[in-house]
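Going in written order, the chains are labelled A, B, C and D, and every chain counts its residues from 1.
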Amino acid sequence: MGFLHTWLPYILAGIAVGGQYALIAIGYTMVYGILRLINFAHGDIFMWSGLIMVYLITTLPLWVSIVLVILFAIILGTTIEKIAYRPLRTAPRMSIMISAIGVSYLLQNFALYITGGLTKTYPAIALLQRAVSIGPATTKMVTIITPFLTILLVFLLVMLIQHTKIGMAMRAVSRDFETSSLMGIDINRVITVTFVIGCGLAAIGSVLFFSNYTGINPMSGAMPGLKAFVAAVFGGIGSVPGAVLGAFVIGIAENIVKGTGWTTFSDAFTFVLLIIILMVKPTGLFGEKDIDKV
Amino acid sequence: MKKFTVLSLILLLAMTAFVGCGGSGSDEDTIRIGVFEPASGDNGAGGKQEVLGMQYANSIQPTVEIGDKEYNVELVIVDNESDNSKAVTAAQNLVSKDVSIVLGSYGSGVSIAAADTFSEAGMPAIGVSCTNPQVTADCDEYFRICFLDPFQGTVLANYAYENGMRKAYCLSKLGDDYSVGLVNYFVEAFKNLGGEVVQEQFPDKNSDFTSYVANAKKAGCDVFFSPVSTEAAALIIDQAEAQALGMPILAGDTWDSNVITGAAKGKNVEVVVTTFYQEGGNPEFDKGIKAWMEEDSDAITNNGGNTDLAAVTALGHDAYFVALEAFKAAGSKDPADVLKALPSLKVTGLVCGDVSFNKTGDANKSEAFVKRCDTTTGTWEFVKKQSAN
Amino acid sequence: MKIQLNNKIKAALTTISIALFLILVFVGDNVISSGSSWRMLITVIEKGSIFALVAASMNLLNGFTGLFSLGQAGFMLMGAYTYAIFTIPSASHDAVYQYFGGGIIKWSIVEVLESKIGVVGHYLGLFIPIIFAGILVAIVAYLIGIPVLRLKSDYLAIATLGFAEILRAFFQWNTLGPVTNGSNVLRKYTTYHSAIFPVVIAGICITIILLLLNSTYGRAFKAIRDDEIAAEAMGINLFKHKELSFVISSFFAGISGSLLAMFQSTISATPFTTQMTYEILLIVVIGGIGSISGSIIGAFLFIACSEWWLRGLDSGSWLGISSDLMRSGFRKVIFAIMIMLVVLFYSKGIMGDKEFSWNRFVNWWLTRPQAIKNWPNKLKSKLVSKKKARMAKSDAKARLKQEKADSDYKKASGTPLFTPLPISDQVIVFDKEGK
Amino acid sequence: MDNRQVVLKLSDLTMQFGGVVAVDNLNLLLHKNEILGLIGPNGAGKTTAFNCITGVYEPTNGAVEINGNIVIENYPKGKMKEEYKGRNLGKYTKSQTMLPDKVTKLGVARTFQNIRLFKGMTVLENVLVAMHMNQEETVFGATFRSKKARNEEKAMREEALVLLRKVGLYENKDDISTSLPYGKQRHLEIARALATHPTILLLDEPAAGMNPQESDELMHFIGEIRDKFDLSILMIEHHMQVIMGICEHIYVLNYGGQIADGAPAEIQANPAVIEAYLGGDE
């Protein structure tokens, strides 16, 4: 009981932030699955979703704003794919990754310009920010809602991947890009859908994340984005359940590290975890080994 | 073909840039004051508020008479991005724009980083709200018009101890000279008084303060001392409310900002800060600057959306007038002459109290204002004047 | 008509231009007063040469060995700290390490040598810590390389990025405070006195990199970049050569870090973030992946744009244009857009993978009048070919539509669209090397 | 029986990927100065066998012996133990692998089915890369152009040029390797392999994509280099004309398994081989 009393707040915080990382990580893992691209701009799409919410809420009602934010993220994501990734699809992999880094740089700097470099306060969503007590710990409602919502969304996503035609096409493309296109699958459509799902989930993640940590500045997306990516690698990049599991592990571990006084290393710890997993099982928890073709 | 376009573009850029830069600088009737402040990054909000004070001062007093000649005063503003590595080039940029004196910065880290640049160029600089002792300690060119962290730390420790707090949780940001320094001086003073402390640091770009608040509760502290940037402050206040922190949050001058009052409004938290200026201390100034801001929507945006005054704005205003006095005393706009005139300068009639410099170039200040946030109205209420003894 | 210069002329041209450049820097540094707007030229040259070095070192890894590594900022950080720690004068220790009782290293290499052998010692004291910083970084890189270099492309990138972040946290660790001053700035250490210093050091280092690349080892690196499997079949030990490239690259990154420390005159771990690595990478891309001369040009352009030429965009008027849009941050937006344009439309960068050559330069210069004259025609033919491509594309689209209709028809008549692939449960899996 | 010395011996070599047996119990002997053919329909496991010999893959079971020494040996372990479908389980108990560069250093050079030249480099540089492994000078000496490094570099260039002259690429020495016509690229690959000073040469479909005249030339060329460089050659080839023309002995694979081996005439008459080819796609 004493243990729980001490550690419950950290675990709760870890689960909440883990769920939010999970929603971002799905975007990374799916895009990587299809395009073999670390979409470095994904974290910034997440940040922009938060930023747009700040501007929308001043004139529009909450629910409309949330829907618009999700739409915005989807449009932003697919546009980036069309402009910055699609033309480079046949180029060497390094070029497309550099393009992703360039987009990330642009999104951050544009946010810097729009906000004037100031931190914006995320609008209070009463439902999410209400304080609740669980045993000895007091926390925000969003902490409780996040894991359930995350798991629900992931369940829906897995159903989609498993049982719909587009889901099947996605699996096929992730298996073998070229053969799939020869088989008559519309690759562009699959990629667009992937970005739609990834960015939509990131937008939902941004609502949850920024309701919990209410400051948004141009760099707000960088660290969560990086951690979500690590979560995706941890779980075996390409695997949706793996990414979710990885995200929860990283969220909880990070908070426990902070709780034990190693606060200097709370971010670095994520990377230590990453390097350990890459050394022990380079393909992550759920990833599958494969063979280089000679 | 491609190469040609790129190269000609580059050449064009280079040439025009030279022309563009070379064109300015020989205007006889203008005197330039360099403003070395962050407009982005961690301290962007504070930096902008500080610049507002200077701009307002410039609007009410746009000229200065040196000898018998009247000069127009022009502010040359450069963004140091709250980043120590960008600060050096930003400072060099200012120096190269033929300014006569530099004002700033808001934060200590960038000022320390730029000190050598100013020193090499023989450029006098007046720190506005950079409170870390290292800014002026080894730099003859740097002066400042605010109090110092050892003083502020002691004041805060005294306040805490006098109000029955015995165990303090101190949170600073990694790599931030201001918060690390102030926490250090606070801890020293608080321990001397017989208090007990728990110290922690959070990394750059951190936005999750849940665990730090939980740590403070776990350790059973009486006060949460976190003199960090306003960005982090809003997040800390938020978490304190969410987890029912149950102890007052104590901070230094950076927190004297409408960002904090905005964040704390309607929340069940107690926020106490020490600062340079209390709104209402000089009604004429308050009224003037508010009217000025209301005319300019950009100014309101830069002030964070309303006209609530931050102490740094008042300090910025004062810095501008100190600079004008320095010109008058020097009788010249040559940086070397201004530098010679500064040590013996005495300026009165400022909003944050008279300014004179001691041997290291720091202003002689003996009192700080203690303010508490009224969470129902979202404004600051004056508590007391606190001294170091 | 193509002009071929003989080697003697080329060597002479190179020597003369380097000498002229050094004289320019030296004279400029001493003549241009600090109040002049031309002073920024010297600043840009100083910082530019430091970034040229680190970009060249990154190019050695990314462009010549084909290792996508993103750890450069971490190694620079380490180099900067190593240099700073060993050159803080003993008199300043108490002031610098004010929270750590003056630190535990109470001496400075510069002072020790100066007291022993005078002025020569002072200058020697500047060089030794730089080399030492490079060596220390190289050793750490060697250790990091053992596990990390077994990883491929993206995984390698993310692991090196992770190590850079770990290094940063490590240097900020309070427990190491007596050495690293925790997360506080290090300052007061000895720096160079003339802008020519970083230019010369960076120049020497870049020359060494070029020499290395033109040796048999350089060829082996390029072979690994072009085709790992074929390189291995040619008897090239992949791991040994990757490690070699990684260590050498880190060595120079460490040296550029110590130069950066000298340039900035204060150093703290905070700015050495992933963002900094990205910026170095963008320099490499702008200059051309696989071209050292490209990295040098890229570095000077990047620094000049971000620190000097575009600054006007932030303050309301630039090149005589003024606009309300131009407020704080506008410079960076324009800059980011420029970079994106390079990445998307000039993906080979300024130099592609070619090095600067006098022959090409002279011929390029001589053909300019003709090229300018031909420009309208060229543009026209380009437009025509673009139009053709567009038409071909729409044709292809129509064909695709037809095919789809066919396949729909087939589907309706019972032939499956594609054979479902055997995919294990809910897991999407792929091979590492996607095409 | 062949009395020449055995330079390469594959014993029960088996390679299984997941549930697919790509090479099934291959036993093969290559004698000194012999030209050996390895044929079979597409997907028969020929290239996989090459990859096992050169260390690119780790075989699942079996051993590779070079010049009388076992250099690679393996047996099914871990998950593979249950999944293993091949034969001779338990016969091998040692696990010994060798990286491709080490195999090359032992004197086994190879070419690739889908030409793998270093695309950014000139013809001469491609050959020079292959000589790098014999360089004794350290990276330090090479960078700073020590006397030793200069001498080595000079010797390498001379040797490379000799080699290029021998394979008829001297005129193309400064061309970018990938700009060469297809046939010359094949020649360059062989020259590059020769530059590693091999005793055993593995050729993976050297005549692929060549017209009858070119492949005829190639056939003579292979015979020539065998004599000039004192080589033992193992080659995979689809062109029956080439195989039958120069090979002394032929092994036939189908679905990973070895279905026949013998002299060219025997193979041509072998019903199993005819069956495999008619049933296959080649």
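Rule of thumb we're sticking to: a residue touches a chain if its C-beta (ideal position, glycine included) is under 8 Å from a C-beta of that chain, and two chains touch if they have at least 3 such contacts.
These numbers come from a predicted model, not from an experiment.
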- Task: Average the CA atoms of each chain to get its centre, and name the chain whose centre is farthest from that of chain B.
- Result: D
- Item | Maximum inter-chain contact count - chain pair | A-C
- What is the distance in Å between the mean C-alpha positions of chain B and chain C? 34
- Cα centre of chain B to Cα centre of chain D, whole Å, reads 71
- Gap in Å, rounded to a whole number, between the CA centres of chain C and chain A: 29
- Message: Going by the contact rule already set, what residues in chain D reach two or more other chains?
- Response: 56, 112
- By the touch definition above, chain A meets two or more other chains at residues 112, 116-117, 222, 264, 267-268, 291, 294
- Item | Multi-chain contact residues (two or more partners), chain C | 169, 172, 174, 183, 229, 328-329
- Would you pull the chain C residues touching chain D in the complex into a rising list? 208, 211-212, 215-217, 219-220, 222-223, 225-227, 229-238, 244, 248, 290, 353
- Query: Given the complex with chain B, which residues does chain A contribute to the contact?
  - Reply: 6, 9-10, 13, 17, 112, 116-119, 121, 129, 131, 137-140, 212-215, 217-220, 222-223, 255, 258-259, 261, 263-264, 266-268
- Message: Show me the residue ranges of chain B that touch chain A in the complex, using the header's touch definition.
- Response: 38-41, 44-45, 48, 81, 174, 200-203, 205-212, 214-215, 217-218, 230-232, 234-235, 238, 241-244, 259, 262-263, 301-302, 304
- Query: What residues of chain A sit close enough to touch chain C in their complex?
  - Reply: 30, 32-33, 35-36, 38, 83-84, 87-88, 91, 93-95, 97-99, 101-106, 108-110, 112-114, 116-117, 158, 161-162, 168, 170-172, 174-178, 180, 183-185, 222, 226, 229-230, 233, 236, 238-242, 264-265, 267-268, 270-272, 274-275, 278-279, 282-283, 286-288, 290-294
- Item | Complex contacts: residues of chain C adjacent to chain A | 62, 68, 147-148, 150-151, 153-155, 157-159, 161-163, 165-166, 168-170, 172-174, 183, 229, 274-275, 278, 281-282, 285, 289, 327-330, 332-333, 335-337, 339-340, 343-344, 347, 403-404, 407, 417-421, 423-424, 426-435
